[in-house]
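Note that the chains are named A, B, C and D in the order they appear, and that numbering of residues resets to 1 at the start of each chain.
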Amino acid sequence: MELDTLYQEVILDHYKHPLNKGLSGTYDVQVHHINPSCGDEITLNLTVRESKIQSITWDGVGCSISQASVSIVSDLLLDKSLDEAGAITEQFIELMHSKGTKEGDPLVLEDAVAMAGVSKFPARIKCALLGWMAYRDAADRIKQSQDSVDERGGSQ
Amino acid sequence: MELDTLYQEVILDHYKHPLNKGLSGTYDVQVHHINPSCGDEITLNLTVRESKIQSITWDGVGCSISQASVSIVSDLLLDKSLDEAGAITEQFIELMHSKGTKEGDPLVLEDAVAMAGVSKFPARIKCALLGWMAYRDAADRIKQSQDSVDERGGSQ
Amino acid sequence: MSFDVAAIRRDFPIFERTVRGGKKLIYLDSGATSQKPETVIEAESNFYRSHNAAVHRGAHQLAEEATDAYEGAREKVANFLGAKSEEIVFTKSATESINLIAYSMSNAPSGSRFALTSQDRIVVTEMEHHANLIPWQQLASRSGAKISWFEVLPNGRLDLDSINAVISEDTKVVAITHQSNVLGTINPLEEIVARAHAVGAVVVLDACQSVPHMPIDVKKLGVDFLVFSGHKAVGPTGVGVLWSNQLEDLPPFLFGGSMIENVTMESATWAPAPKRFEAGVPNMAQAVGLGAALDFLSKIGMDNIFHHEMALTKYFLEKLQEIPTLKIVGPLDLENRGSCISFTVGEIHPHDLGQYLDSQGIAVRTGHHCAWPLTRKLGVPATTRASLYLYNQEAECDLLVSGIVNAQKYFA
Amino acid sequence: MSFDVAAIRRDFPIFERTVRGGKKLIYLDSGATSQKPETVIEAESNFYRSHNAAVHRGAHQLAEEATDAYEGAREKVANFLGAKSEEIVFTKSATESINLIAYSMSNAPSGSRFALTSQDRIVVTEMEHHANLIPWQQLASRSGAKISWFEVLPNGRLDLDSINAVISEDTKVVAITHQSNVLGTINPLEEIVARAHAVGAVVVLDACQSVPHMPIDVKKLGVDFLVFSGHKAVGPTGVGVLWSNQLEDLPPFLFGGSMIENVTMESATWAPAPKRFEAGVPNMAQAVGLGAALDFLSKIGMDNIFHHEMALTKYFLEKLQEIPTLKIVGPLDLENRGSCISFTVGEIHPHDLGQYLDSQGIAVRTGHHCAWPLTRKLGVPATTRASLYLYNQEAECDLLVSGIVNAQKYFA
């Protein structure tokens, strides 16, 4: 049944038992993202220590795909450097836009390869991307604030 | 040939030898009308004496139908009372909207019955009406100024 | 009863196709857009094949035929609404129609009854589609006018107790939907129109979800403006309608060819309505298609369609409520209620439910249905909506119900 | 030469019909609207028959297919213009596209590079169609900006000697037609774009009469906005295009569903372009039809179409000028000249001439062609226009010429 290519076991598992759900009390950056076509919303806290992702926590409402996707993000990117996490994010985005022609590298994407089937359901790609876009936004903000620290440092 | 039902002899005659063309030096009312779909324009002078139409003169550029139509108006309505002229105008308008189902009363409309064929060419009805609409506008203005004279008279 | 759904369905070619690997198409998304009968498709094609030319612009035979077809369509719309031809403007959609009104009001010279100032108020409701909300927010922000709204009660009805406070003396526009595209609620116009007119406000009626589904006579409604979209009324995409009996007082919106009286390099004056509102070569084939759509509906009879939908709605409401954890969002009684049926099912997210139903060939819509403030007010992230039309039937309800039950198992 | 007019004509069903009592249809009015090939008619019908659903709004299969078809059409338009998909907005017509730009500029917050003030200037030309003139007059009157224009010389070309004076330092917008729909003049964009950009103005190109007739690459043109109508490019009515690579900086025009990011009762924020500019259920079937139209044209080749039309234009110009008293209104040389051919014939009024030609089955257009200020400038009350396209042929010119000669006898 084609539906099962969308709703892989792994996805339903993450949906039913989401990882890192519940916002941490402290964080470096907090972002709030929304999917305008359906109204799904998530808040995501990102904490980085020595250029490594120390914690991603989140809260929100949404469908199984979007919830599972944030859950996966919050686990997969842990302990990665911002650069590594950025590269993984780009791989995932590419997978989502592959219209079912790619499978994704399990060594890099781990649980997220279970999302490969989503790329065949164009209306759901945004759901699968919601958590990743929130992460990318949060990481960009951290990089910007670092850059401006660096610049200030450099100009002294 | 169907075209001849549009371009009756009478119409082409009026077109080639228009009556009352050339604006009179004096007039009670002058109106300027324009056909926005093709750019045809006419100016019409109306003079009324003792509630009878004493003169209609005009000038303008336009197609044979519009030119012939003003020529006919300027001759047919002469010496008629404003009420009579109004009734004739309404008959003509009705004829134009008859889609070829009416012939027009030659005793009332005289030369203007030659326009009956125009009603089968919807794009040309406005041409045939240009002169009549200009006349009606001019007559309305005269009636309005009379009414306001009457009112002023009545209130004294 | 003479209402023969099977025969009606045969007029709609899309029901010959299957979806998702051979499944019968169960189309329960007519609130978003309706399917098209063959006569409508043919009317549009036939215009292109035999009569295509720019209307109002040529003295040649094709231009005459195109003009007749286009103006004939206008007459059909007028007759369908109990209106006059010159009160009908063709737009591209209801969305454009509403924006037209709001922008034209901005174009009204100060002192005009349509010109709004910071002293004025625009009233909407919490159940408006974005198309009948954001254009008014924008008009408010352009003019400085204030925006107020009727609240929606938990039973899905407008809170009209406060009508005299909401429609205050400074209200200039009351923009309201006839039937909510989420709740199915049909709003009580009489009371609202009376109050609006008492304070000198005009009433703009969003009839997107009513004109296709019930007999409408604009004279009886008493509203000042009414809009709907062709594509929700078995008509083509790309055509909408604006009706008003006060078009003469409204300045134009879009500027260009065929809406002018005179033009110089520096300024222009306008043709009378409705031409004043139809700049450019219009959506001729789509207007003609809409004419054919209204003919199709009239032939079946709007009364018959309304009764068919009411009977179906009753059946759907009853059967759906047999599912434990399913909650109808909107009125449960059938009085003043149309066939848009929204609901939630326990913890299943509507997106997931919709996806599961799709795998069974059942097309519903999920999300906020372009009425996000309403969804928020209802306290749900989203809903699932089944919206019905003349071609739907009870058997489809049974399939929907078993689809939902199976979805519950799938996501359990 | 591989350009087979007879084969092309067979793709257009309208040429199978006759007019005015059995006369062959000689259609010389493509400048007003073009005829449609069967593939375009079928593309629209096929959308309704098999894939009809609201795009971007449903998780069901039909909605996916409709979205693919609609977004696929956007890609076709982008490829046709050498642009990116996200630079393409579907509107209902070129007229709407231009109004969209002008209204969106009014919606720009002060300080935005698109916001005009009384310190600014808008430049047009005397040969603009009303659609590319009145929206700018209105923007000028809303913003207080001044309006200036390039004059047209007796030879039908723009007077560019004064370019540095006309496009002055305070110019914010230069709105210009690519090809005049009356004169056939193709304007020299390079010089105008260079000067406009030098003073920081954006160039809005009315490409209604160029995109259907010649290869266009927006990157090479260097303009900032480009618009055209589907119906003049063998596409359906009810669909137009706005292209710009600067849509991100432009606020929205029409407000409603699908163009939002977030909505509350009091305000809203916007989706990225192009969605931001496509409020409501769009003209899906028409966009799909336009995609098929551009496929049709591309298959024949825009270069081939251009050369065919140029050869025809040469033939028409030569033959027409053999008629004594016939005066071509517009350039006589073929350099930078398209296939709109307007003329006057002695004292015969164009309306009468057009009517006579119609009785012979020949469809031309007469009047001011929605370019009234130009007609006035040319000192004629109206002109007769023969406008050509890929399906026209030399034999039709010969019939036109003998039609004109016979008309002269008829009205003599």
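In the analysis below, a residue touches a chain if its C-beta (ideal position, glycine included) is under 8 Å from a C-beta of that chain, and two chains touch if they have at least 3 such contacts.
Chain-to-protein mapping (UniProt): A, B = Unannotated protein; C, D = cysteine desulfurase.
Values in this document were obtained by computation on a predicted structure and should not be read as measured data.
Engineer: Find out how few touching-chain steps suffice to connect chain A with chain B.
Structural biologist: Minimum step count, chain A to chain B: 2.
Engineer: Across the interfaces B-D and B-C, which one involves more C-beta pairs in contact?
Structural biologist: Pair with more contacting C-beta pairs, B-D versus B-C: B-D.
Engineer: Roughly how many whole angstrom separate the Cα centroids of chain C and chain D?
Structural biologist: From the centre of chain C to the centre of chain D is 31 Å.
Engineer: Using the average of all C-alpha atoms in each chain as its centre, how far is it in Å between chain B and chain D?
Structural biologist: Distance between chain centres, rounded to whole Å: 38 Å.
Engineer: If you average the Cα atoms of chain A and of chain D to get two centres, how far apart are those centres in Å?
Structural biologist: The mean C-alpha positions of chain A and chain D differ by 45 Å.
Engineer: Residues of chain C that touch two or more other chains: which are they?
Structural biologist: As it turns out, chain C has residues touching two or more other chains at 20, 57-59, 63, 258, 260, 262, 351, 355, 366-367, 372.
Engineer: Can you tell me which residues of chain A touch two or more of the remaining chains?
Structural biologist: Answer for chain A, listing residues that touch two or more other chains: 37, 121, 124.
Engineer: List the residues on chain A that touch chain D in their complex, please.
Structural biologist: The contact residues of chain A facing chain D are 34, 36-37, 121-124.
Engineer: Applying the document's contact rule, which stretches of chain D touch chain C when the two form their complex?
Structural biologist: Against chain C, the touching part of chain D is residues 13-14, 17, 19-20, 25, 27, 29, 32-33, 35-36, 40-41, 44-45, 48-50, 52-54, 57-63, 92-96, 98-99, 103, 107, 124, 126, 129-131, 133-135, 137-138, 147, 149, 229, 231, 236-239, 253-258, 260, 262-268, 279-286, 351, 354-355, 357-358, 362-367, 370, 372-373, 376.
Engineer: Looking at the complex, which residues from chain D come into contact with chain A?
Structural biologist: Checking each residue of chain D against chain A gives 56-59, 63-64, 67-68, 258, 260-262, 271.
Engineer: Could you list, by residue number, the parts of chain C that touch chain A in their complex?
Structural biologist: 20-21, 349-352, 355-356, 359, 366-368, 372, 375, 381-382, 410-411
Engineer: Can you tell me which positions in chain A touch chain C when the two form their complex?
Structural biologist: Residues 1-3, 6-7, 12, 37-41, 61-66, 121, 124, 127 of chain A touch chain C in their complex.
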